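A single structure is presented below for examination.
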Amino acid sequence: MMTIGLTHYLLLGGLLFSIGMAIIIIKRNGVAVLMGLELLLNAAALNFIAFSHYTVGDVRGQVVAIFIIMLAAAEAAVALAIVLNIFQHFKGIEVDEVSTLRD
Amino acid sequence: MIFGGTMLSNGLVFARYSLAEWIQGLLGDRLEMIPEWILFPLLMLAGCLVIIGFITVFALFAIWMERKVSAHMQCRLGPMEVGFHGALQTIADGVKLLGKEDIVPRHADKLLHYLAPIIVFAGVFPLFVVVPFSEKILISDINLGLFFVAAVGAVEVVGVIMAGWASNNKWSLFGAMRAATQLVSYEIPLGLAFLTIILLAGSFSMVDIIHQQEGWLSNWFLFHNPFMPIIFLSFFTASLAECKRAPFDLPEAESELVSGFHTEYSGMKFSIFFLAEYAAMYVVCAIAAVMFLGGWSTGIKPLEAWLADSAGNPMREVLSNTVHLVVIVTKSMFLVFVQMWLRWTLPRIRLDQIMHVCLKVLLPWTMVAMVATSAIELCWPGGNMVLTALTIVIWSIPLLWTLKAILDMTVGIFLKFVPSGR
Amino acid sequence: MGEATNVTEVPLPQGGTVAVKPGDFRTEEMLLNIGPQHPSTHGVLRVVVRTDGEIILDSQVHIGYLHRCFEKVVENVTWTQVTPYTDRMDYLASMYNNLGYSLAVEKLGDVEVPERASYIRIIIGELQRIASHLMSVGTYGLDVGAITAFLYCFRDREITLRIFEEVCGQRLNYNYIRPGGVSGDLTDEMLKKIDDFIDYFLPKIDEIDNLLSMNGIFIYRTAGVGILPLDLALDYGCTGPVLRGSGLARDLRKDEPYGLYEQFDFDVITGKGEKGQLGDCWDRYMIRVREMRESCKIIKQALAKIPEGKFIEPKLLKNVKVKKGESYLKVENPRGELGYYIVSDGKKGPYRCSVRAPSFCNIAVLPEISRGCMVADMVVIIGSIDIVMGEVDR
Amino acid sequence: MTMASMYFDYANVAVFFVFAVVFVILNISVISVILRPTVENDQKDTTYECGEPSVGSSWVRFDMRFYTVALVFLIFDVEVAFLYPWAVVFKDLRGAIGGSATGVFVFLEAAIFLLILFVGLIYVWKRGDLDWVKSSSAQEVDARQRQMIEAKDEVRL
Amino acid sequence: MNILNTLSILAAAPSEATAIWLPVFFWTFALVSVLSSLAVLVVKDIVRCAFLIMSSLSGLAGLYLLLGAEFLAFTQIMVYVGGILILILFGVMLTNREPLLIKRMKATGLVAPGVLAGLILFTAIGYSVCTVDWKVTDQPLPADADTPARIGNALMSDFILPFEMASVLLLVALVGAAMAARRGGAEG
Amino acid sequence: MTSEEILKRLQDQFGEAILGTDDSSLNLTVKVASETLLEISRFCRDDSSLSFDLLSLVSGVDWTDRIESVIHLDSTAHKHHLVLKVDCDHESPRCPSVVEIWNAADWHERETYDMFGIIYEGHPNLVRILCAEDWEGYPLRKDYLMPDEYHGIPNDFQQAGKRPQKYNPRG
């Protein structure tokens, strides 16, 4: 056990960001890609909060994180609606197939 | 055993403190040898045990009460065999359920099927952390109390969807989808009601909210302004829906969906769902009592003042805690009773109608009432006596009407026993 | 990926494959069994519904789970031995089954029925109608989730069952009305009990109205649901409350009076679409509630003028002589027109006995009126048709 | 409220959470296992479908309306989350007595916020996305029926 | 020593208990979120993926709590677990082509590049995080920090424009998503 | 309308197609040729003086040499009753279906098919309704014998000479 500091949170955020990126690259399903995206946003929010906690001692980072969560919700709503639309048009939500079938 | 004995001997009041004393008495001087980081989780665990004991006792009592209430509403006697008026019937049923075989359908997703009851229970049980019983008898007065309830209460949906999903049964999936839409959409009126209370109290904390309502009965938030009863009704309706109680019991509508999302659950897993439902029932009613009905406040100012004046008077403190415990539990139990009453009176409504009620009735009304309340709070900080009086007058009409109906009914029952000429 | 041509074979967990073609966006049809073991199918009815989410696209009714070859069995027994078998068809209105059969045999065999027996038949028959409607109304409450109304109805039905038990020693399968009369007399004490019951029961109907019929949620659930237009009802041969719910005042007790019904004064209740549309579930339900009042009216009148006399020719209890020929006779059962088509070759028992079971005809219309409803409505519609599987399957 | 005290509160929550999980697992997998029988039966493990073998798979694609409801919920959920901080400071900002300028400003902020979202709700409402069952040709059925009854009456006369 | 006194003392000041338990909680939450998001990479059943993401985000909520952002932690649970997850599940149920319980997502041909990209990204981030000397403040948050109130004050003063814009954005999201979903439905 | 009037109306309209009446029946019973059944039925329904709008029952009677298909009709407006009978061949009974005229005939015809084996030509879905779909034989025919077993369920009663076992609840 050691004292937990800013570096821990930043590394953790970086790790989650990388995993989210990997999910986006690897997964073919549109909904799964969306999940990866949520992870990216959350990793960013974690960094904001960690920074604001350790370097400023303020709640501004938290306010930004709230906006991130709000953005994530709006993004999820719209993205899923688009995914549904894509499904309607291409009878599938595999992202690579969809990109090749653009017309 | 010792724990139980201590608890009984000291009474339910100070249960947790007496436990601490008990540990102290047991260890004496050696107490300091125990590192704090072990001692504290232990103390918290003791709180858990008290609460799980409370939940169990409450569930036993509530189920018995539900049976008796329904039975007497339906001109029956209900359970009569096991114990005094069937008081031990629930225990017998519990033992039976414990011995029931656990059947998991062949094509079910076994892992999720197993996890679902855990999530449902774990989504309800932590809510008891913020449920206050009196100044001293509460696990923890979390700074963000009401928000905590709003957030953790949302977790249960996940378990319900998981249960319906993992069963690989059409009825379960129907139930899960219904549950998801219903629980999810009724969280909005619930959240708006929370907002209004937070707005009035200026705090999330349960204890703060109760302290704001101390004094005379007119201080209760229910009577704050004519819009508050709307908020209360909206909250109560939404809490019925959140507990999946009739007339909002669509997720488990037995005449339509057989048993809804827990169709494929048997034995102990099923009883966990059941336990969680009853625990949630108490939580929402207790929170409603805190939010609108002044929590543990008796509503009589001199009595409150007398009880609060406990300086150098330990017995007064004990008395005060006991009275407050009784008051808040009575308020909550009354609301629980109303829940049961509604369940045994009203038919079930349909899915589209449930959405209609939520999105087109409750949501706009609660929104308007919330904005109005904030405007009133802006104009008359701390409330206005005229408005309070107005509220009491306006809303006592339907209340008196209900009372009259109840009186008619009860008098009617008494008349029944009067031998008639025939 | 082109148009919807690529059908893929997807392995199922239970083995085998299922052909999957990329369906359209929002419609994914699912086949769902409602019944035979379902709380709301009132027996062993099985309805296979094709749904889109919760909305029913189409449904198919499967029956036969309770088939007991009534028509075959009675070809091998004597005329009087048939009545116990009729009991078991519509087990909620056994008296009426006995009555229909007895009337048909009496008509074919030219058997005289004592006047007192006719009165007893009317009293008992109407009491049976009340019992049957109470069951229907109560279980309908159960279908929409109002359990208390169900128990209230059962509490009152219990009294009628006790009366029946006292009259003929049975609570469900009475075998009471026989060709030529009834199997036992009604004593004055029993008549008094029936009278008391009617006095007790009339206010109870208001109680049911208050608790269930006029309940906002109940109306919300049933009004405007499962609308059965009159032409459709006639086309499918629906009768009884189902047909009257669609607005046609057809009641055999008035239209083609049997027994002594022409001497009684009562109203034929029809649906008026008060709460929703004409012919919806609420109308069908309400007909039953209101008919109970009419039945009480009839019983009151019958009790007032029941004559003294014999209740059956004793020799008729053994067997009836029936000449060669055939007859068809229908009576107004609580569920609709119960018809008995009896063919005799002059021997001891029926050569052929065919039954027009009202539930059998009424339930056939279910797919028509449940289209486009939700699964929850399906339950409500089945309940509003009020079927007894013993009668549907015979 | 200090950090330590906050941790103390939430440690309680954590303990409760862990306790709940352990309690359920204990019940399902330990106590009940000791007491309950396990009788293998092939029929018993089948999925319940009213006593008939399942027709088709339980794979079902649900209606779009579920999505719309969840959508409305999510948006309003976020909105409520945004308003919690506002609600808690409202009392402090509105000024001690009467409506101060800041108070009116804060009130209007939230009111506008709510109003904008209310517009969204009304939009979805008016478009009929919140309606579950589109009312079919119910009027038509009614008209047809009344016609039939009138025709009947004529025959009877 | 009276145990009740300890209780109040401990509740008031950072102590040995917090010092010992904090890292435990940190590592637990970190493990939960990292492991479940790693599992999302491996698991093929999309519904399980959704539940895993949920657990990952709940772990993050725990981390927010440890950072003193209690309000944010609950917002996270409320919006993500109670909202976005449900939306995602509905999305899954509306777009599946195969029986869901045997649904196996096919991976793209990009497994190796994906993993590689993730690793490289993490190395880069890790390197930069570890090399920079972050100026850590001595006073993280004032002792009487009432975060929700502070957030409220911030929203009502500095962030007033974003606050209002948020409602507009949510409105646009609601209308847009409803429209997109509706159009898909209508054409189906 | 009385029975005579109905009969007269039908005979006026169809003449030879009305094969006769069945006097042993207490209801007006008209025998018709199977070819003209549909035409007569439609007339019965549509003619305003007859207006048989309610089909009560479709049934069958096995007279060992022939099988009769019997249709009972009701008029809700005029409150009169009519029975139409069609004689069918005993070996391969066939009869036109009246489903297109009265939908009510659907289930009744299926049941009669199930019990007597009368093939109703033109019926949209002529499958067994009460018996299992793989049931053999037509139970209500006079020459029908119960099968000895069905899917492994033995038929105890027909084991020759054996009295039915006394019921013993304890096995």
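Which chain is which? They are A, B, C, D, E and F, in the order written, and residues in each are numbered from 1.
Here is the rule we go by: contacts are C-beta pairs under 8 Å (C-beta built on N, C-alpha and C of every residue); 3 or more make two chains touch, one makes a residue touch a chain.
Since we're looking at a predicted model, the values are computed, not measured.
**Q** By mean C-alpha position, what chain is farthest away from subunit A?
**A** Taking each chain's C-alpha mean as its centre, the farthest from subunit A is F.
**Q** Please identify which chain has its centre, taken as the mean of its CA atoms, farthest from the centre of subunit E.
**A** The chain lying farthest from subunit E is F.
**Q** Among all chains, which one's averaged Cα position is nearest the averaged Cα position of every protein chain shown?
**A** That would be chain D.
**Q** When the centre of a chain is set as the mean of its C-alpha atoms, what distance in Å lies between subunit A and subunit E?
**A** The computed centroid separation for subunit A versus subunit E comes out at 9 Å.
**Q** From the mean C-alpha coordinate of subunit B to that of subunit D, what's the distance rounded to whole Å?
**A** Distance between chain centres, rounded to whole Å: 18 Å.
**Q** How many angstrom lie between the centres of subunit C and subunit E, each centre taken as the mean Cα position?
**A** About 59 Å, centre to centre.
**Q** Just give me the whole-number Å value for how far the CA centre of subunit A lies from that of subunit B.
**A** Roughly 36 Å separates the two chain centres.
**Q** For subunit A, which residues are shared contacts with two or more other chains?
**A** Correct list: 66, 69-70, 73-74, 76-77, 80-81, 84, 87-88, 91-92.
**Q** Enumerate the residues of subunit D that touch no fewer than two other chains.
**A** Residues 1, 6, 8, 10-11, 49-50, 54, 57-62, 64, 66-67, 70-75, 77-78, 81-82, 84, 87-90, 92, 114, 121, 132-133, 152 of subunit D touch two or more partner chains.
**Q** Which subunit B residues reach two or more other chains?
**A** Only 40, 106-107, 143, 147-148, 150, 152, 168, 170, 177, 180, 184, 187, 204, 258, 351-352 qualify.
**Q** With touch defined as at the start, can you tell me which subunit D residues reach subunit A in the complex?
**A** 64, 67, 71, 74-75, 77-78, 81-82
**Q** Residues of subunit B touching subunit C in their complex?
**A** 70, 73-76, 106-107, 170, 174, 177, 246-247, 249-250, 253-258, 344-353, 422
**Q** Considering only the defined contacts, which subunit A positions touch subunit E in the complex?
**A** Listed in rising order, the residues of subunit A that touch subunit E are 1-23, 25-32, 34-36, 38-39, 42, 45-46, 49-50, 53-60, 62-63, 65-67, 69-78, 80-85, 87-88, 91-96.
**Q** In their complex, what parts of subunit D are in touch with subunit B?
**A** Of all residues in subunit D, those touching subunit B are 1, 6, 8-13, 15-17, 19-21, 23-25, 27-28, 31-32, 35-39, 44-50, 54, 58, 60, 62, 66, 69-70, 72-73, 76-77, 80-81, 83-84, 87-92, 94-99, 103-104, 107, 110-111, 114, 118, 121, 125, 130-133.
**Q** With touch defined as at the start, can you tell me which subunit E residues reach subunit D in the complex?
**A** Listed in rising order, the residues of subunit E that touch subunit D are 10-15, 18, 21-22, 25, 65, 68, 70-71, 75, 78-79, 82-84, 86-87, 90-91, 93-96, 98-101, 140-141, 143-146, 148-149, 151-153, 155-156, 160, 163-164, 166-168, 170-171, 173-175, 177-178, 181-182, 184-185.
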